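Let me begin by handing over the structure; questions about it come next.
Residue numbering begins at 1 within each chain, and the chains themselves are lettered A, B, C and D in the order written.
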């Protein structure tokens, strides 16, 4: 009898829900609606969730201990087969869940037909994505930290190199390269915080919500949560199966992270140009041209910058998908997965490659310092000097402007002016002004917290090192 | 002398930075670059920040106590004038900061020219936005809570009304209306969490970063942070003036919130249709048609749904603006404000109006219950019944499908089948099946945590009430 | 010698541009920068373009006729191998262009090394995408026409079915189902126009622009354009390799088309609900639920609606990628391909499946007509009646409102009012008012061009049929 | 009697559709739903459309000639009052249409109540936007042409200046500045084409579709189309009031145009940096810094680049608004206007200011030429030289790479190598190689159509001049 039942169930598994349909589902429809071509990557989390579910079913005596053992053994066997590449996912079985359940029933017989007791694909897929996202987010947090370490190391290694700080891509004031690099550390620190906050809301068990209303089986959701290490369980079954906040929040955090990486990329692309000449990228991270052999193209950086658009697009996709959907589950929500996977892959790949590249970038202190010294970059220091001598800020600012204008007209640098000339602009000026106009003094003077002086930068690095 | 200096400074305040320019800035350019037409709304926070800054300058003896008092008095006077609508913001003074500083110098004389000592518009505007955003975010959190209260009240008031739960906009299983409404409570709870998390990163003092490098004045940033109640100060001056993460994160959280409101709106629009007939909207919140007098159009809900697009657009705007910008400040960043303000206004208005509308919606239990009873909505309960009698889930699911198909062919409801007929589908079926097929029993059976039974819904409401 | 040269060239083809690099390109970098995993789909157009290029090179005697023949034969052989699935694309050869060129050299020897004379990958890839897009766009235009035909057929088949026309999802006025369906014909007609306009700008030959500056070889671009059937050639070499307008314009047109399909999907999902009951979807185009066997879920429509988000996301991706890129080619532009391919596949699949589904939808005239008759849907006709009797429109509108309000209070329909009662609202009302209040008369009265009367709808269908 | 009727109608005009409502519309709702604060800008087109409509009504004897004259005179009077700033738009009258109609009735009495005969706000607003958009689009086309002229003039004025052409922001090959500038001419030419194509679909009369079904009045749509100079009329009344394609297509074309302007801006910002030093921006189009008086910030360019994000955001807004909306009019569609107006203003302002700035940019040929000569930019020419001497392209490319690598190692330029050394790399090299390595010869050699040689650039300019 078991055999007859088994073949009967397997026949109907072609489409598990096909009981009432007379017409054959057309091939086109199958191709249009299947998701296994992309959700197969959830297999590990699907099996992980199923095992926890089955353990609970047995514990609550909804199924027998024997059936549970059989199922778990079967699932582990399937996992091994997938791992080794021997498992063939079938599109006609629609999604990862049905593929695994079908294989299970084929392997362990009718007992396999009990695995779906007290759950639905609606809460099952929500669980799978959350498990996947939890792992992925943790991995990204690790990658962020690794990239932060690479940045701090680069800052330390090049701690006293001077460069021009820019606003509006105009040289503004001299800063330390290390200080500039650490700006990215701070951005990444906020990114890390966002992913950790996101994780709180990802880390909630939806299983047990069934299709949308909960179930009449005496399930134990807290037990499952414990097995799967979820600190919380969802409090409303309708919300649990309608919710894709975690996907959107994750992609939002990613879009912001990518924006940071795009800014870093833009800067390094500029610095790598012949015009700036601030860095030399490692050969292994650039490519040449098919027709211009002298080029060292910063492809990795350009692609990172470009991939920002990709993640912003993913974000818009999921927001647009979810906009205006009535509760609870709608098939539109299947469109959450590809943008999520694409974002996950993109963010990981970009963080990884930038982390590898960072220590191999060669900074060119000569060019940076020359640029920092040129261009009246210490004009602000003159203004501050005048204020300290008693001039109101606005007047000091105006006076400094006049000095700079004079230099431009006479084609001189600030350092080339003599005291006599300087005094013509204000009687408050004396010999000590030359000290404040040097690039080094300008930098060392910035001792406000967060400022660019070597003292403050070193203090920040110490603080970062101690935190870890 | 003071008078001469004053008029001199005021003359140059036309454009505060115009020292070196010979040409007049064209009117077109002025119109193109000015921001006071939209950033004037930051005036309160600008003055608040300036007062704290001036107090610190005096405390650190960078300016005299007397000048500080004069400035503070002046600023308070300006605040009073703006409050009362008597202050005229001038486009030729470019932005809110310059308008206020100009008015200050005009009012208190040269001392006013000292207010900008040790700061720059770059850190000043970052401060203003953060102060504005802190207030706004807190207000939104309050509005979310108020809306949540309105939802919980509506749920309580209508606690036992039965309605169909939907998936794919198909009736799936009966649920309690209160349970359905509470799904939105949960969404909003996550929204609230996101705004609170966002607040942590907003609530950081950028002032003291000056243009980008810090300052040589012996400022005390922690003192300013204390005055302005910032628990943290920014740790890198370049990052502090380049960062607009807080704007993006805020709009991201808003886009997700709006997505939730769009789903609520969509549902209520459906429910308000003649076809569903689940609710009647209050007259005050609907409008009629210019040509069809019988209409009660759910405009408020439609606009809320539509405004979701607006906020998603705002998010894309700011992300696109920031993508690929080199450090530190670039004028592109001025384009952060209008999307931010637009999002703030939109989110507040939508939350407010939905909160006002919620208690005035009339639910129509008769229609809801009729719909819940029709359409085989307890089919799942039959399947679960069969499983409990010993049938494997997949077989039970298939058998139930056959029963439903039979009903459809014979044009009967489940309740209209007799036991004899039922037994033909499975010998496991006995008299007690009729109990499980009733809508009420179906709902009451869902006692899993988060399920739709009255017991669980009441428990959830109790828990929510206690938390507050 | 030839043999030595050949193996020498093949060795260096590992990376064609690797001449000056000492370090090995890391595997990670290779994975990060390769594009063959997605651009392999351009193979046919790559070979098509190369053959035309080679013919021109021979004609202009830049290479010998013998070499050209060898190369063309080689390329055709490669095409055959790819077609039959025997060609293995290698990631370490980076992209489709290098894979094919490498295979060519391996096959035909040193002559193969001449194919890239007078061109660059920059103009080559621009050509390939344009050829691909030209084919794809033409295919989409065909699919749009097919879908339009399906719509017109459905309209014709159901020409006289009456349904409620909606505004604000409130029943507004009765309309013909055929008229409603034809609204989508008009939308698609505009879509078709946009794709055709887009095609004009796609259909321009970029080849011959080389890397960015043109070439010193005496190439003949017009000859190549003729071979590849391009009516125009690009006029500026820098623009030609920097331009991705055609990709963006194509995705824009697609996003708008998808928006139309999302509206159709939304409507059919509503109509397929138990509450509306206006249509029954064919079994083959719906799916069931894993736990609720009675469901007929409109998955195809939901997915189409959801996939709109996908295409909007693709559009945002490419716009964000291109924003702020300096000329000429930057590697960011490689990120144009996946969104383009994704949009192409999505649009084609959605059009195809909706076209297949349309003729199999069963409309349910009874439910539609019942809904059209209920709900005061002819109120507007009363107002127009009064105007025709001499009442100013605004007053007529107000009077009609009063009549409707009276009906609602007395719980009657318009048709249930007697003449006496009617006359109380206006003395202008006489017996003939009952004619104008019937649904059929309401519809037949709309004889303005584009109106919903059967006469106008039939006229429109005739006009459409004649055009084709 | 007339007077009584008049005051009666005016009373009810508070809300024209308020007939059946008992409750007062709350102030909050009024603020939330009103659109006159932004749609007032449509007043001119609203009146223009109304006058045409009224003329037709009289011609078709739907209203009397006398009434029509009265109404037209009234409307012209209102137009004059609005023009002169004396008209007060009232939020409680909701939108521009109601404000004008209300003023009309107040002015001309009951006859004014006849203006809305045979139309609805649904087709009225569609008409207004189309008229507005038609004017705006034509204006933008003019602005594009003006900017193109400015570009061509700049190209002509600087026709022979040499600069480095870039790929990957690496110097690739020398090009003419004029050629580079003309690349933007080509982009704008496509933009112009897109706006013109868009105009075809904008330029269709929707009036006469009434609420959604057409009207029973014997209107003459073709006559109205003639009066308003529409070459076509909409063919389906439901589509006509549901359609916002024209808004989306216009914003799409604008987003692409802005992307081009963002690229131009990015380049000019780079060129304006001290590092590039390729241009000097006119003082009138830059601003200084509040703290760094030496700066010349390219604010206009930065804002243009930033405003690209704004328009992309507008596009996403409207697409998101329209996604999944059932037919016909829904109030969500009111959210189309602000993005449309914002895009219109932004595009016009950016085009205008760039056109003004272009002729005042000072190019710095010295710096450009120095950069073009450095960096092995003629390496490709060596490769092409070798090919012409008989070496297969791939080998020539490799050989050139070796020469460049040698130069880098020996720290020499190509021009510093002697013939002896050169010959070591290939025996095909002879004296004439030095000619092909010069920047000028490199440029002049690019005589392929669209190439950068002076001959081709001049030919292109001639062709452009002749076209106009």
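Of note:
FYI, contacts are C-beta pairs under 8 Å (C-beta built on N, C-alpha and C of every residue); 3 or more make two chains touch, one makes a residue touch a chain.
As the structure is a prediction and not an experimental result, all values here were calculated from the model.
Touching chain A and chain D together: B, C. Residue-numbered contact pairs of A-D overlap by over half with those of B-C, the repeat interface among A-C, A-B or B-C. Of the two chain pairs considered here, B-C and B-D, the higher C-beta contact count falls to B-D. Note: centroid distance chain B to chain D, computed from Cα atoms, is 31 Å. If you average the Cα atoms of chain C and of chain D, the two centres end up 23 Å apart.
Among the residues of chain D, those in touch with two or more other chains are 16-17, 19-20, 116, 167-169, 172-173, 210-211, 270, 288-295, 297-299, 302, 305, 308-309, 312, 315-316, 319-320, 322-324, 330-331, 380, 397-398, 400-401, 404, 408. Those residues of chain B that touch chain C in the complex are listed here as 167-173, 269-270, 272-276, 288-299, 302, 316, 319-320, 323-324, 371, 374-377, 379-380, 383, 397-398, 400-401, 404-405, 408. Within the complex, the chain A residues that touch chain B are 5, 8-9, 12-13, 16-17, 19-20, 105, 110-111, 113-118, 122, 165-169, 172-175, 179-180, 182-187, 190, 193-194, 197, 200-201, 208-219, 221-222, 233-243, 245, 248-249, 252, 255-256, 259, 262-263, 265-267, 270, 305, 308-309, 312, 315-316, 319-320, 322-331, 380-381, 384, 387-388, 392-395, 397-398, 400-402, 404-405, 408, 436, 443, 445-453, 456, 460, 463. If you check the complex, the residues on chain C that touch chain A are 15-26, 28-29, 31-33, 116, 120-121, 210-211, 282-285, 287-295, 297-300, 302-303, 305-310, 312-323, 330-335, 338-339, 349, 352-353, 356.
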